[in-house]
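Please read the structure below before turning to the comments.
Lettered A, B, C and D in written order, each chain numbered from 1.
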């Protein structure tokens, strides 16, 4: 079971801030594909991966990152702090 | 009549902060020579011009600056503000 | 040494700077304050963040600044939630023996906060609402360091 | 727009920063505070200046900063007279729409204050007294601009 979180417009497009996902995905990219296949709102949110960032267990990483042992994955647009 | 001012260690070496000087000097360099010829404390203070800065009428300038119309000349070491 | 506060409440830079760096032999204190712009056009801004990751990410940025420069103190305060134009969003303060270090560290922390701390700004105006887009220049700024 | 205060009295940066840049559509406020170092070694520092020229020279530096960057406000406070280690010597504050401008302008003003404003520092320690020497690096720093 993976905690999947969405922030900013990713959250708005998918329509929820977090959910528990029962998945066998081994990488972030696999998880994205799995979610995109579910419903159109996911497919739309993940349509352009270049516009997205991902964190696994609160560490920024790439879409090829492995999910072995991961508890939390978060998707969001580029950050605008400061 | 020229108001001549000294700051920091120049003031300490010459022994006074300002004086009125009756001079025909046409440049700052001439004035320096005239003062240096007066007494040793002036000669000592002006021994190394590279270690000195000069302002004519409160504007930084060079030792070749003309004194025509000047009312105030100040000698001091490089500034250490901030 | 460094201190990080992520909060929704307003803060007062003057109060934060009181005694900042005192005790250490500090010669230079630099502070940066970021303020919501858009008076007259913007109704409000809302900042979303990623609780947990935010504190960790900002803490890492501060630790990196402390590894690069000899800082006596480094403080980051960053707000989230709704804010009006004119309100303060965040501040960075650095204290060091020398000016160059304090300036560089504050600039570095700001550059990294812009694109490595999980905050997202949304603007609400007369024309509706829109997420603030990250600038390519912000990402490029990181290459300075 | 810019404001210059040359004074012997202490000042409080928090008070000075209260409402600084307010009213203009300011997004960034940068402040620098310079403090007397040398706690434990230095009995005191004394700053001599050239009344009249000081105000004019610092005013020119501020005007130059305002010509180069779009500043909503720029404040310089510089003290003279005797000071203890830990006491504030001076501060610069800049307010602008954007961060880069506010940082650059504060840095520029500091560089010019160092070697173009008629102040001279003298340190009084256990070993006696000595005028602080200007650094070649301070003069070289001006070439950045």
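Here is the rule we use: a residue touches a chain if its C-beta (ideal position, glycine included) is under 8 Å from a C-beta of that chain, and two chains touch if they have at least 3 such contacts.
Computed from a predicted structure; not experimentally measured.
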**Chains partitioned by contact, subunit D not counted** = A, C | B
**Prompt:** Can you list every chain in contact with both subunit A and subunit D?
**Reply:** C
**Prompt:** Where the centre means the average of the CA atoms, what chain is farthest from subunit A?
**Reply:** B
**Item:** Rounded Å distance between subunit C and subunit D, as computed from the means of their C-alpha atoms
**Value:** 23
**Prompt:** Could you state the distance in Å from the CA-based centre of subunit B to that of subunit D?
**Reply:** 26
**Message:** Could you work out how far the Cα centre of subunit B sits from that of subunit C, in whole Å?
**Reply:** 49
**Junction residues of subunit C - those touching two or more other chains** = 34, 99, 110
**Request:** Pull out every residue in subunit A that's touching 2 or more other chains.
**Result:** 82
**Asked** Hey, which chains are touching each other here?
**Response** A-C, B-D, C-D
**Request:** Write out the stretch or stretches of subunit C touching subunit D in their complex.
**Result:** 12-15, 17-18, 21-22, 25-39, 85-86, 97, 99, 102-103, 106-107, 110
**Prompt:** So in the complex, which bits of subunit B are touching subunit D?
**Reply:** 5, 7-9, 11, 55, 58, 60, 74, 76-82
**Request:** Flag every residue of subunit C that touches subunit A in the complex, lowest number first.
**Result:** 34, 48, 50, 52-53, 56-57, 78, 89-90, 110, 113-122, 131-134, 139
